[in-house]
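In the two complexes that follow, subunit A is the common piece, with subunit B as its partner first and subunit C second.
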Partner chain A sequence: MRRRPSRAAHLGSGAGDTEEFEGLRVRGLTIVYGTEAGELAAVRQVDLDLQAGTITGLVGESGSGKSTLALAMLNAVPSPGRITAGSVTMSGIGDITRLRGRALREVRGGVLGYVFQASQNSLNPLKRVGAQLLDLARSHGVPQPRLILGEAQRLCERMGLDATRVLSSYQHELSGGMRQRVGIVFALVLNAKVLILDEPTTALDMLSQAAVLQVVREIHAERRLATVVITHDIAVVAEMADRVVVTYAGRIVESGATGDVLRHAAHPYTRALLRSIPRISGDISAAEPLPGRPPDLASIPTVGCVFRARCPLALPICSEVDPATVSVGPGHATACHLAAGPLAVPERTEEVAG
Partner chain B sequence: MVPASPPIAAQSTGRGAGARRRRLKGVARRLGARIVAALVMIWAVATLTFFLVHALPGNPVQVQYETLISHGVPPAQALKETRIIYGFVSHEPVVSQYGSYLWQLIHLNLGKSISYSGVSVSHLVLSAAPWTVILVLSGVLVSFLLGVLAGAVAAVRRTSKLGDLLSVSGSLLHGIPQFVMAVLLAYVFTTLLPVFPFGAPYNITVTPGWNLGYIGSLVTHAVLPVFAYALSSYGGWMLSMKSSVVSVLGDDFVLAAELRGLKPLTQLRYVARNALLPLFTVLALSIGFMFGGSIFIEDVFDYPGLGHLLLASISARDYPLMSGTFLLITVAVILSNLLADLLYTLIDPRVRGQAS
Partner chain C sequence: MIEVRGLSKTFAGRGGLLGHRAVPALREVDLRLASGGAVSVIGESGCGKTTLGRILCGLESYDSGSLLIEGREAKQMSLAERRERFQRIQLIHQDPYSALNPTRTVRQTMLASLRLRASATNRSKAWTERRAAELLELVGLDPSYCLPRYPHMLSGGMRQRVVIARALTVDPEALVADEAVAMIDVSLRLGILGILRRLRADLGLSLLFITHDVAAARYVGEDGQLYVLYRGQVVEQGPVDEIVQRPTHPYTQCLLSAIPVMRGLERPGPDRLVPLRPLDDNVEPPGCLLADRCPQAQDDCLLGRPPLLPAGAAGHLHACLHPEARSVVAIPEQTASSGR
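And now, the complex of A and B:
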């Protein structure tokens, strides 16, 4: 390994460790699922900072552990999964992975607003939306639970919903897009500090998608939230995020400011992801699908680079040594042997020249 | 920043009222359709009973008439008596026989019993009905409570020994027919370990009324038959509840409730209500099954309800009593189905909203 210590970096962390940090900080997080083949890591050694005022885009193919990571932020990894190492620290609260019972419950929904992947069906089908908002308020000890309905109404209207109708409706009376927005309202109505959106746009058409993301961005800015948008769609990230974190097979392989990562992708996987989408400029035929299949838990290598089976640039060292995380620019880091040493093969020749 | 604005909530009833009215209309329409369906079904069963008695070998109505004649009763008198017993006379054309049968039925006149000579069938049937209804409803209640509780526990603890044990108890009891269950209970608890009395609904030495002796006697006499009903239905409830809870626990909204930090009790209420809902469709079936089972269970415990009466009328070839009892059992089943359906409609907003 030819890693230079001065270039070592925390993947996914934007701020230096020494500054006063406001937001959610993940360190060394490893999550395993118990399977017939034993405990397999779905998330391994992840460091990630969700800083107040920053929208982080967490991007990667389906199955790369994004939802698992997001659930771990609420200490809610479902069985047979469990967190085996690491911490999730919320400023002003502490390590969420150590919280239990009432304290944990108050953080969920109160501090961490989660809009989960299946928010199509995130409501009790037998209760009106308004009544469920009251349940939420009561569960979190809001002194005057009914006031929450006013706040919910304002949020609904900003999302382009007929608030009065929505609050007196049952879930089955709402369309997919409306349910998704109601899910966001539930996450924001208690003034959470962290907003976690897991695949927020899957149920929406392009137009409502843009509108909803716009409103989320506004509220994010007004409340100085720490927002993370989880998606397999790098276009959503390009649109929304201040920072991009790229995951592959449960690891973070690259992170940095959105512009830097999109323009100067350092990791072969990120480059492949970028090539796989039609450019904003249009030419669909220019999109190259990502070759190979995303790994399942059992086929993720435990030694060496997890991407090597699909990497066009893989070297012998890639199957023997874990690539270290190195800085490739201000706030921009990657875990790839090519970026670490003089063997580095630049993506474009003009970058070498320049 | 907790919202400081005036509670806009007050307005939410305004535009919601339209939706509510629509929903109520849906409920009313559904209820109306169900009542009509129930009446049609009762009519169909009555018609079937009429033609069955009519088609019985040896035509009992004709036999009755001829018996009277051979006893020296004048034909006019014989006709009149036959009509009193069956509501119709087989000399008349079938259509007018059927017409007068229905006419009597509408007036709740089911004719007169032959074996209890001279006593009206309505009287016999109506005095037997409460015993059956009490047993069946208690049986439903007991089996529902036991089954639902055990099913919920079995679902939550499905990976533990307790869960396995409960599931096995459900499958085992589910497989035992009512009749066998009744005989088993009767044998064990009145003969082997005589802890409960056998037979009639209360001890003849106590005077009926609001006194402890009577009520206590009623209860001790009812325990075994009620448990025969309950245990034969318990398995069904338990297994349905278990699978219902398991499926609801896997629903997205349950995870969502947890991730939103809802109180454990609120989460429990969400799960319980959603898991119980599908059981209301089982309720209708279960009540019908129990009324049917009354024939065996009341026979085993010598309990004077409708099932007992039906068997007695069959062995006495008392056709008016037979058809009257059969009709009443059917009506009870249809009415309880109607009730279960109504309950379901009231609880599930998704059904409520639909037009029919």
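And now, the complex of A and C:
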């Protein structure tokens, strides 16, 4: 039901190509929370490209600002948080951070589909799934709300759900994996172009997780979505994402193609994160815990590298100067002073974009 | 040693969708947890893992079979003996936030049970304070930071450590960890798993580790046993690495195939299996419980339920009419290293 200019050109070119860019583009985004201790930045100077046809994995620990960042893509940062700088531009729509009122409501759940972390908490327990879909249609001014039930049915069946049963069920009658799929139906039923999944599999067991990830991958490819998966589990990202964006304390510390980042992780945080995961085969004792504590809003340093307190390789410069984003390979960038050695080529900050 | 033999438990249906249908949670489960040993139990949501853990902690009754603690049948124990013995088996929940009283500081939480312990063993008040600090240090927490704080002031990983420290106040012999790291960030899980591993090595605690994260099971109990539960039945069991590397039951193979592959560092196992459909436990088939989902099912699978039989390698058992070893877990890429 959402209309956007039809597109013919396929994006073969890189993420930096403005004219042909299709998807969601975040530039210089800063989000602060007003607290008793003053305004604290949860997300600082983030650049990110979510390109149509690409699955981006956004990895970060609890408190790294990744959910705040995701909500900012809908211009839905809850108070006392607010966007103080930067833009979120959707091709064909414009800057979402400037939208207000009806225009904003239409974009949310319309072009931008969002799947919430615990979908049992995002569904109304007192209404059947079908009735909630009608609500969605009405709130978005769909001329014939009933028509979207047909679309929802097709989506349900596409995802291996019994559509008639699901649409006439209450949320408590569905299993965790089914609810998560229903969340995806809600996100896509109005023909979303961008699909944002916040911890889509956290509460699921292995088989449901694999099934949900498979469904996301397939729908993503069929509809050529710009998909972003937000998770603390780098293994989920490694399994399904084309690009990985690693966040720490509200900053992007590394980004690149999944294989490159996993094989040649450039940032000490990414390396530590990868080492901290027990693996199913190989030497199990090789796993090492990440030292220290994850950052909280109050303790994030405002100057210098945000990871320095837990970094085994920290230098004096790390506490004095913000590390610049440098390229360490094609489409692979990191913000670390150590990576900015003689071989690294300094680049403009846009290049860190996902 | 804790041992269960032929343990069965059926929950009465509660109406609604279930329509007063009885739900078998455990079907003749045999399991043995040696002193200082580790047993990991894996399976889907709703396959009876949690019920098994709760029965072992004395929190849930069972319909038939026996539960033996040091050779003593639980149903024949006096109330006092039951209390004494089950106190030595402590449960660690999935959600450390709801396991701690939000109105009590960590000090109050720790001292509550330590005081009982002190009066039972004629120890001083100073001992309780010392012991609280000692136990918090044992789980890698800074006592001076944690003791005066309330649960909401701590991170999820710290809260779970407090829960473990509290379990240790009663000098347990066994811990039952029910999805103990599922709600913790992946980056912090290893710290908690490392504690469980150390408690086994240093204090000789035995561990029943209920999880759907097989790699975590491998980390805490590499030398231990892995049991695979499906709809309350043990469908495969054996030494952890034997089951991970050479699973023979299609259900185990489906579970292991579902573990995300770290593409770039690992490549997928060549024989991955995917179940044909999601779990539907509304029907009680006469044959193999997995037959309707099993990609390898044949006609005779619908007829009789296969018993748990030896599978070749020592200690490896499976309940399948057509078992076949398959390589399903990810294989590390030789050329890659996760390091620099």
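Everything below uses one rule, namely that the second predicted complex is superposed on the first by the 317 of 354 C-alpha atoms of A that agree within 3 Å, B and C clash if a C-alpha of one lies under 4 Å from a C-alpha of the other, contacts with A are read in each partner's own complex, and residues count from 1 in each chain.
We adopt the following convention: a contact is a pair of C-beta atoms (placed from the backbone, for glycine too) under 8 Å apart; a residue touches a chain by one contact, two chains touch by 3 or more.
Note that this is a predicted model, so its numbers are computed, not measured.
J.: On the A-aligned overlay, A:R146 touches which partner chain: subunit B = first, subunit C = second, or both, or neither?
T.: Only subunit B is touched by A:R146; subunit C is not.
J.: Regarding the shared-chain residue A:D233, is it in contact with subunit B (first), subunit C (second), both, or neither?
T.: second
J.: Would you check which partner chain A:E173 touches, where first means subunit B only, second means subunit C only, and both and neither mean what they say?
T.: both
J.: Touch check for A:S91: first (subunit B), second (subunit C), both, or neither?
T.: Touch status of A:S91: no partner.
J.: In the superposed arrangement, does A:Q209 touch subunit B (first), subunit C (second), both or neither?
T.: Second partner only.
J.: By the touch definition at the top of the document, which applies to A:T35: first (subunit B), second (subunit C), both, or neither?
T.: A:T35: touches no partner chain.
J.: Show which residues of subunit A both subunit B and subunit C reach, each in its own complex.
T.: After superposing on chain A, subunit A residues 173 contact both subunit B and subunit C.
J.: Residues of subunit A touching subunit B in their complex?
T.: Against subunit B, subunit A makes touches at 71, 74, 76, 78, 104-110, 114, 116, 118-127, 130, 135-136, 138-140, 142-144, 146-151, 153-154, 162, 164-165, 167-173, 183, 186-187, 191.
J.: With touch defined as at the start, can you tell me which subunit A residues reach subunit C in the complex?
T.: Subunit A reaches subunit C through residues 61-63, 160, 173, 175-178, 204-211, 213, 232-236, 238-240, 258-263, 265, 271-282, 284, 286-290, 293-294.
J.: For a test of understanding, state which residues of subunit C touch subunit A in their complex under the given definition.
T.: Residues 17, 44-45, 155-156, 185-191, 193-194, 212-216, 218-219, 222, 244-245, 254-266, 274-275, 277-279, 329-332, 336, 338-340.
J.: With touch defined as at the start, can you tell me which subunit B residues reach subunit A in the complex?
T.: 1-9, 11-16, 19-20, 251-253, 255-264, 266, 270, 273-274, 277, 347-350, 353
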